[in-house]
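Paired with chain B in one complex and with chain C in the other, chain A is shared by the two complexes that follow.
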Partner chain A sequence: MKVDTMEAEKIIDSLNAKFPDTISDSQIESEKRISAYAEAGSIVEICRYLKDELQFDHLSSETAVDLILKDEIEVVYHLSSFGQPLVLKLKARLPRNNPEIESITSVYWDANWYEREAYELFGVQYRNHPNLRNLVLPDELLGDWPLRKDYEDFPQKTAKNLV
Partner chain B sequence: MAEELTSQSYEQPAPKEQAQEESIPGVITTTSREINEFLKKTKIQDILNWGRKNSLWFMSQPMGCCGVELIVAGVAPMDTDRFGIIPRNSPRQADVMIISGYVTRKYFPALKRLWDQMPSPKWVFCVGDCSISGGPFYESYSTVQNIDEIFPIDVFVPGCPPRPEAIIQGFVEIQKKIETKKDRGSGYEG
Partner chain C sequence: MDTNIGPDEMLIHMGPHHIAQPGPFRLNVKLKGETVQDSDVEMGFIHKGIEKILESKTYLQGIPVVDRACYLAALTNEEAFVGCVEKLAGIEPTERSQYIRVIVEELSRIQSHLLGYGEYTEFIGFMTMFFYPMTVREKILDLLEMTTGARITHSYLRFGGVRDDLPEGFEAKCKEAFALLRRGLEEWGELMKSDTIYRERTVGVGVLTPDTAKEMGVTGPPLRATGVDFDIRKDEPYLVYDDLDFKVCTETAGDVYARIWVRVAEIYESMYIIEQALDQMPSGPLFPENLPYDRRAPVMRVPEGEVFHRVEDPRGEMGMYMVSDGSDKPYRVKIRGPVFPTMQAMPPLIKDSQLADVVAIVGSLDPCVSEADR
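What follows is the complex of A and B.
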């Protein structure tokens, strides 16, 4: 099957032309998926450009990955579009000791709960988030960041009567 | 009247000091607890246990996917009604609490509160691997382990999830324990 990557190439060229300094490692993974790394400081402008100009009008998911060997936390945005069959995987690298990034709730309103979840599990601090508190984690666990790789209570060794 | 209602405080009153039991000469004072302790040594307890074991009403608070099996155990083909097993929605009307899933740290205070709201005598049993040992979540950061150290559990029903027949057999095992006075819910030990 011939892979038609015309649309994807157009989007990558447009992104690279608009943000030559802040977009890096952009590549076409398949006919449906594009991936790119963004500078953490300009994530809001990039998302606004993607939404207004390139028809990426839906934020599918937003999460974080703890890369403890590289000593950094990656924030991952999956942006998709109702008009074209494409998914853009946008990543931003943050330092592990102080992961702080601008919130994109001003662009995509549904990023609100995604960012609260990434905050309670990874400790990513989102600036200008309207309500940055824990989503489902109990209050006494807040601050432990349970999904980080160096979380002490995982694996839990207290279970005695294993089946 | 309205002023009284508005001025009424809904906070818990401060616990009063326990009044010492007065000894009245010529009158034997007793408490319901002492009566219960006395009845446990007599044959009347057998009749009480017969009544209790044939009306095990359980509290319907399904906690995980084993809750689906609890629903199946309550439908007509299983007919738990023949054992007197009826689901109740209120903990104040229930005799049995079924821990039917993983107990997360967030849910544990609510579960403890439900258990405290149930009137004694009350029994509790574990359904499913999650409540016995944690199941697939035994290493998780968010689950409470070793539930049997917290609640006086009489019967464990293993399975992932157990079939509704196994849940009914768990009830039958509780009935046998009540009949032979070996259950932990009636307080024979303490």
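What follows is the complex of A and C.
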């Protein structure tokens, strides 16, 4: 059974009303996509509210993006629902030298592996994660944070073999 | 998992190479007698670093790379990647190429399900059954080969269209293969339904309830076998799925048996979709006229932005999150494959089951380890 469509505007209003200080830049990107920034400190609270009250019962993906030019690491959550097709992109900004955020495994069970992956590839430290260790990388690569952008030649705009 | 074992317990490492595994991963199982007490999945044996590779390739070069994420769902992977770029660059593929994409992607779904079906029966010891679907699968692969030029990794989709039109005689060959497949499915269905040993091994084994499946983030056939009608093709239609008539195949039992039947029903449904698409397909150009880039442009600068595009993979929800910084290469691509959460759900699913059933349960999830590892 499909749940009644929750409209994007209603969700944004409800989020803004409930978390006036911790949710910012919320906007409708397209028909089925909305996005918002969350304060890193209250991410669990916000996710809990989204899951229990606003029917976002499915964690589509969780990952990180290294924004080296802004000296930030963004943690990106894509929350969606089995009942309707709206996807909420929730982001939290973390300082690059100490990316630390609360784990949301207590809300979304399957965040476990996503967080382990973001940890080994970007070095995001998840507090209160049940088992924060490497998932796909071998032990000796841990600490290299391979998907971070601080490698030589960055930003190298064009593939060398083409131009 | 706590690796300390008690006096009457035993730790068994299944894999990374095990006859009954669809790919290299290691399942550490703690047993008491023959009952699974606890388990733990180890991955990374075929970690390819595809997300990192994509960051150093131009957009066009990325297409063959995403093919390799899961070789059984190459076309749907491409659809997710190409769809992301199209959304970022504001390209709308022409109607004809959208229909062609639907056709090849459904063919790809059929061949993937046929392998899953055959491979699965092999895992539970029904060896004969493996070769029946594989014979017909070869016919489907022939169709894909004559269209895309490759059996497994196609590199067929392009930004705004497809590489080539459908070849001559495609429709006739399609009919031939589908007649064979329909007859085969009926026969195999009889074979499996009437086999008491097969039923003993699958009915009521590895049961997932709708709520636990949702909680664990499982998508695709394992979720639909519990009765949840979640299908991206219906919920968030891409391409021309909106104009096509098809139903979301569900079962209610949620056990191993139901998962296999969902796949079989989906094969029928995919054939139906392809037949409709062949009937409805308009003629016309493959690429839109106002394409902002040359069709083969090796260097295309995609506008800054980010997008999350989801498609329905044979195994569930495949989403890609792409960030562009305005250069000719993606700044970051996150591949959210359906197998990653499904594999994570394995340990709770096999808890308290018999060791002999572990293979049946794991096989019925049809995990493509290559994609989970990426």
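Definition applied: the second predicted complex is superposed on the first by the 144 of 163 C-alpha atoms of A that agree within 3 Å, B and C clash if a C-alpha of one lies under 4 Å from a C-alpha of the other, contacts with A are read in each partner's own complex, and residues count from 1 in each chain.
Basically, contacts are C-beta pairs under 8 Å (C-beta built on N, C-alpha and C of every residue); 3 or more make two chains touch, one makes a residue touch a chain.
Note that the structure is predicted; figures quoted are calculated from it, not measured.
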Contacts of A:H58 with chain B and chain C, given as first, second, both or neither: second
Touching partner for A:P146 - first (chain B), second (chain C), both, neither: both
Touched partner set for A:Q84, first chain B, second chain C, both or neither: second
Partner, of chain C and chain B, that touches more residues belonging to chain A: C
Chain B versus chain C as contact partner of A:P138, first or second or both or neither: both
Which superposed partner A:D110 touches (first chain B, second chain C, both, neither): second
Doubly contacted residues of chain A, that is, touched by chain B and again by chain C: 136-138, 146, 155, 158-159, 162-163
Contact set on chain A toward chain C in their complex: 2, 32-33, 57-61, 63, 65-66, 76, 78, 82, 84-85, 87, 89, 108-110, 112-114, 121, 134-138, 146-147, 155, 157-159, 162-163
Of all residues in chain A, those that touch chain B in their complex: 136-138, 140-141, 144, 146, 151, 153-156, 158-163
Of chain C, residues touching chain A in the complex: 43-44, 47, 49, 51-52, 56-58, 61, 214-217, 228-230, 235-236, 298-299, 308, 310, 317, 319, 321, 323, 325, 327-329, 331-332, 334, 336, 340-341, 344-345, 373-374
In the complex with chain A, residue positions of chain B that touch it: 105-106, 129, 132-135, 138-143, 145-146, 148, 158
